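You will see chain A twice below: alongside chain B first, and alongside chain C after that.
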Partner chain A sequence: MRPEQQGIEVAVLVSVGRHPITGRARRADQDARGLELALGLERRLPGSRVSLLHAGPHAEENEAALRGYLGMSAGTGLDTLTLLEQAEGSDAIPVLAEHLAAAPPQLVITGARAERGEGSGLLPYALAERLGWPLVNGLAAVEKVENGVATLLQALPRGQRRRLKVRLPAIVSVDGAAPAARQSAFGPARRGELAAIPVSAEPDRELAEWQLDPARKRPKRLKIVKAASARDRFKAAAAKAEGGSGQVLEGVSAEQGAEAILKLLNEEGVLR
Partner chain B sequence: MLETLLPILIFAALGLAAIGAVRRIRLWRQGRPAAVPLLKGLAALPRRYLVDLHHVVARDKAISHTHVATAGGFVAAAVLMILVHGLGLSHPILGGPLLAASAAMFVGSLFVARRRRNPPARLSRGPWMRLPKSLLAFSAGVFLITLPTVGMLPAGAFQGLLGGLVALLLAGLVVWGLGELFFGMTWGGPMKHAFAGALHLAFHRRPERFSTQGGEGKRSTGLKALDLEDESAPLGVETPADFTWNQLLGFDACVQCGRCEAVCPALAAGQPLNPKKLIQDMVVGLAGGSDAGYAGSPYPGKPVGEHQGSPHGPIVAREGTALVDAETLWSCTTCRACVEECPMMIEHVDAVVDMRRHLTLERGKTPGKAAEVLDNLIATDNPGGFEPGSRLHWAADLELPLMADLQQVDVLLWLGDGAFDMRNQRTLRALVKVLRAAGVDFAVLGNEERDSGDVARRLGDEATFQSLAKRNIATLSRYRFQHIVTCDPHSFHVLGNEYGELGGVYDVRHHSTYIAELLEAGRLELANWKGGSVTYHDPCYLGRYNGEYESPRSVLKALGIEVKEMERSGFRSRCCGGGGGAPITDIPGERRIPDMRMNDVRETGAELVAVGCPQCTAMLEGVVDGPAEVRDIAELVADALVANAPVARPAAEAVEVTRRPAGKTAEEMI
Partner chain C sequence: MSEIRRRDPRREWIARNRLHPAHASALAVLGEGAAAVEWMGPNGLIRKNPRAIGFIGPNGVKRIDRSGVQQGGQAGSTSRLAAQDRRRRVEIPDPTFMVAVVPELSGGRLSGHDKDLLGLARRLADADPERPGAVLAVVFGEHKEEALGEAGIDRLLHLEDDAYAGFAPEARLAALCAVERELAPRHWLLPDSPLGGADLGRRLALRLNEGRGERPATGVWHVEADSGAPLGWRCTARGAAERLDIQRPLPRLALALAECAEPVDETLHAAEPLRLEGTLPSPFSRIEDLGQVAVDPAGVALAEAEFILSAGNGVTDWEGFHHAAGVLGATEGASRVAVDDGFMARDRQVGATGTWVTARVYLAVGISGAIQHLQGIQSCDKVVAINLDPGCDMIKRADLAVIGDSAEILAALVAKVEQQRGGQRDAA
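So, the complex of A and B:
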């Protein structure tokens, strides 16, 4: 006999993403994966309902990106995105918490980290703290939902998975381990409704004090594989690049610095 | 007896045919409205039939003569028969021509019957096997019953017991013939092709294709734009009724000759597409029912009889099967070989893209890597997702003049997305060298250029196509130039034939055309060809889409190359498999299309195949153990340039030896 599975209410929190190369607004990758997970759930658990929630300004550029999520709704029951409208630079956490507390869904899915703005990845934690709900990060799959308890699969580094049972309502965050988002189609994206609800804007004072600079790509440490056997090569491939032998040069002359770099390049075998 | 029986039979058949015609027209009218000049179309019909259609049919002389005798004989015999036997105007002036017409039809029908003895696989069987017999019955019956009219048989020949039996027998033949030829014409028999075909020619959705008294018909190959402003307009075709009514009429005109399937590269590769079956499936859809009655070759790997549809039901099922499977639609390379061969002037590619539009724009179900490619086009304006600011990296040492600096030049060199592909970068460098040697005043858009939108459009993403096209048109409108020259036939086609509808009208030339002009003007001096034998592969988007077969050959001739033509060249050129987003959707088959094309090259024994398209280069070079080297015409010309070009060039021209890793196609690199 199959255990009874009932449909659940899922809210997916989505943000306006930023393409890593061109910086154009888009549906954020992790949030889209979150929606993909939710739509998969809707398909598996009859009677489930997925809702989309975004807090932010109602600007033209944002709208195209947000409609990208609605474009994933072809053949599903989803047709609306609730937009908690607030001014640019406002704190999203209080309004989201208030909205979720007013009509609590059983499951809230978010991406692990936003692609623009602070991108601190703290939103799910702050929300969980305010609502007093459990939080699971790095979600890979929702296996089943029974009697208000969800069995989740959490992704750990290097392909490991951990099965967890969580009492609902709960917040889960997804990252690259969740299933890739489906294609966003133009028709449903255009037809979908953006239901804007004006909310009190609480300016994010901390953010206002920050100085924002474009991020620079950090140089990656070279990984030199000196493996003799296939086993060693595999271990090297599976291992993370490890630091540890770094050296911080401070207050040295250009010549000394250059010498240190040259020495390192020789040691690493880059120069011969 | 016959004098009373024949008029009844003839007018009964005509009456039934008229009822059938009304029913058939109502089936077509289920389609969406289309603005068609009805009277003008009908007036143009005889010329379209006699000139344009027969121009295609006459590529096969035997069948053309057969058709002239049979169809011409039938039309004449039918009209005269109505006059002579239907209205009783039994004057020898009418009877004589009636005899001649039915005799001609009989002879033609004999040839039709002979062709049906061992029909090639491309011909449909089923009711089509019956057709020659029906034709023979009709022509023989009409001939014999007309003999007394002209006095070749005594007037009382069909009297008495024996005569009466003969008369009944003849009447039986005529009934059989009338049933097939009059009744069957509008009730869905094989002769439907004559009724629907004639109206299809009159109400064709691309009337500009046909010749007029003023001159040749224009090549009309650009896809028609979707109206994205009107939010109530359907995005593509979901059900058969979403086609325009004249498209449905066009499908119904199919004569199932299978010329399309004989040239279809996807079918030859064993991919699940057969253009003839696709059109027949649309006919099944417009009438409703299952495809079990189809008697031609199936889609490879898909048995007949498992699909069904209705005018307002989905063509591609969301789950399970409906009329057509999605992979059938995605197998098409949009090479237009089927359209070029179709004697009924059916527009297969338009239909395929219409249905793809629905799958992409409404369902978000573009297979393979397409979703990623479309996302890249939206976010980075190129299909590979490369940094848009790196479009000119291949030319870092060439100091290419930019439109933004010059504002006005003779030639705008359109680079295309090949600018990101290491193999095509060699072609581009060669082309720049040639332009400089000829002292051409040219410039590039550089980082202002975007993908032309070709791939997005063929994949059905009209929204992304129009977004790219509109932005390109806005960029181009800021500058002044005489022509656009490009080494990418896909860009050539889109800029030249598809931007016009969106407001961008340009004089676009393929680089082979432009080089041929430079040679003609004596602006290039070429050394004689010293290499081995060479063949030339016609790119679909240059040849069939744009009618340019001569210029590449004249450039090769100027190089001193005598082209060893492949069996399928010119308008019959076989596709390389790289068009229509086919390498991106990557529908599996039994063979690869480029392998088959390289086998064509192998058969000529050529050591080198000259090409004029980055897609073709990538596809043909990706063939493992290819029998011939693949080189672009620009590269051949650049190599043959006699030194001391008039314009001083930067010295770093020697860096052209970078090769792509063996076996990697451009698609894989994307």
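So, the complex of A and C:
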């Protein structure tokens, strides 16, 4: 019997990003990748539904950035973005947790960290802790969803991937390894609806106490040489990066050369 | 009678005159042999023979090496021993508090990031010399690191269990919570790196925080003492996609960036093994790890590929090269010449004008090593070169160089790899 693949409810949490050079509000890169992933999932699993969720103030420049996400929806069933309206500087976590708990989707996709504010990357973890759902970070792809269990690909450093099975409902966070987001089209962005729901929010007092400054350039680490003698200090200062310590095989047959290379490859463990 | 030192001025004169035919024998009779550099004079003064210092270099010219390495085998080794002993041994039998560190141990060894983090932990632990704290390292799974004590670890909690292998955040979190209950460290430090601490640290932070409203610090890169803060420290952390510096009191749990502090290098610590008294809970895991997936090496970005097979002007058999890359499971790279001649795509170019690669093993076939290319492979660990010209720059850079025809050597390598794989399959 063919395993049953049915559609699932996916909620994508989106935030207002910040362009790295101009500093203008835009759709956040990681969140847009998350939405791209969700839209791909909707296409593969008929009957899936994607909803967009944002908590924050309803201001002019934010709206333009949020409509950027709706602009990705051309040809899909997505046409509204739920905006949990709260004052600037409020804590988004309790509001989002409450909203998600009231109508739980099966999969929540978020970016790994925000481009504004604290940007600590704690939100997915805080939501997972509050809702008691499992969390997977660094998602690269959703392979399949069947019988309430999702098979995911997690991105590891060096382009490697790991396959995980997660029981739904779950929260997944997306970083730069996920597929790049499609362009945002202007028409669907204009036509899309921002459904604002005013919520009571508590201000984020802890953040208000901290001192926020534009990032200073981090000091470059100096190479400190602790040498006993003047000669050691001189050698450390004048040393070239490469010492000619390599092994050179000259006048050997191709077989012997290949043997030596194979030995090194096996030692390093790069052959799979 | 024999107590009285008698001088023989003539023999001393001969000993001073190194051109005298009896010079060596005079030195030998004076008791210190040919290498007598210092001796006690008759009046109790230390006498030195400056001409006995040094050695005759390869061109017949006298050389003096003041480092003490080549003066004589014994002198060098003792000075090296002294250099090791200069590091202070530190034992902290009953610490006032604990600073817990969970190193990422990528590849089973302490990374540079881990060492920086341990350096930061040492700063926190040693702030008050009257009441020192101990640095506790919690290590999951097997490790190959032998220099744990040198990195500044006082206590080592080694948790070996299959449950912690692979992606097992829930099991690891349960273990860390057990550590928290039993040892109650004053500080928790984790690396803010994708492989290890970034995920586990955030999970732990929220688990520790239940009830208390303290938020962990992430992306910490600077810590300084501040008597006004609850724990006595202030930290500076990166926020908002590296765009903000957040200054705040240091919370109990901090995720620190690389180069947050200097690594430990002046002291040796005990790395005493520690055990948890209670049994560790084995939580029901909702995440199942199915293991790593075979990734198409051609699809891996060149900048982050682990194993690169790179071709240059010396490659003539391109079919064989692509076949070799496929068999070895290597990502293909190329030098600028190979790209300009149209044999490889532009996005495969390695070097200053192409991609700066970070491979662990870089196998350069027929690349002579222009300086731009060598810049691009600066951060590779092992470089293997196959080239016809034994004098080229790539050979000087390479850890292993084979001089010969690249096509033949690659073909032999492919045959050997296939044979090895075939053997494994037969054995399995």
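As a working rule, the second predicted complex is superposed on the first by the 213 of 272 C-alpha atoms of A that agree within 3 Å, B and C clash if a C-alpha of one lies under 4 Å from a C-alpha of the other, contacts with A are read in each partner's own complex, and residues count from 1 in each chain.
In the analysis below, a residue touches a chain if its C-beta (ideal position, glycine included) is under 8 Å from a C-beta of that chain, and two chains touch if they have at least 3 such contacts.
Note that the structure is predicted; figures quoted are calculated from it, not measured.
K.L.:
Could you look at A:Ala103 and tell me whether it touches chain B, chain C, both or neither (first, second, both, neither)?
P.N.:
A:Ala103: touches no partner chain.
K.L.:
Look at A:Arg182 in the shared chain and tell me whether it touches chain B only, chain C only, both, or neither; answer first, second, both or neither.
P.N.:
First partner only.
K.L.:
Of the two partners chain B and chain C, indicate the one touching more residues belonging to chain A.
P.N.:
Higher number of touched chain A residues: C.
K.L.:
Classify the contacts of A:Arg231 with the two partner chains as first (chain B alone), second (chain C alone), both, or neither.
P.N.:
second
K.L.:
Taking the superposition on A as described, I'd like to know which of chain B and chain C A:Lys165 touches: first, second, both or neither.
P.N.:
second
K.L.:
Report for A:Ala208: first if it touches chain B alone, second if chain C alone, otherwise both or neither.
P.N.:
Neither: A:Ala208 stays clear of chain B and chain C.
K.L.:
Touching chain B in one complex and chain C in the other: list those residues of chain A.
P.N.:
None.
K.L.:
In the complex of these two chains, what residues of chain B are touching chain A?
P.N.:
231, 235, 318, 360-366, 370-371, 374-375, 378-380, 385-388, 461-463
K.L.:
In the complex, go through chain A and note every residue touching chain B.
P.N.:
Result: residues 19, 21-22, 24, 26, 71-72, 74-75, 182-188, 190-191 of chain A touch chain B.
K.L.:
Report the residues of chain A in contact with chain C in the complex, numbered from low to high.
P.N.:
Against chain C, the touching part of chain A is residues 18, 20, 113-122, 125-126, 129, 134-138, 151, 153-154, 156-167, 170, 175, 206, 209-216, 218, 221, 224, 226, 228-232, 241-242, 244-255, 257-262, 264-265, 268, 270-272.
K.L.:
What part of chain C is in contact with chain A in the complex they form?
P.N.:
65-68, 79, 83, 166-167, 169-170, 194-195, 198-199, 202-203, 205-207, 210, 213, 215-219, 221, 237-248, 259, 262, 265, 286-295, 299-301, 304-307, 328-330, 360-361, 363, 378, 381-384, 386, 390, 395-405, 408-413, 415-417, 420
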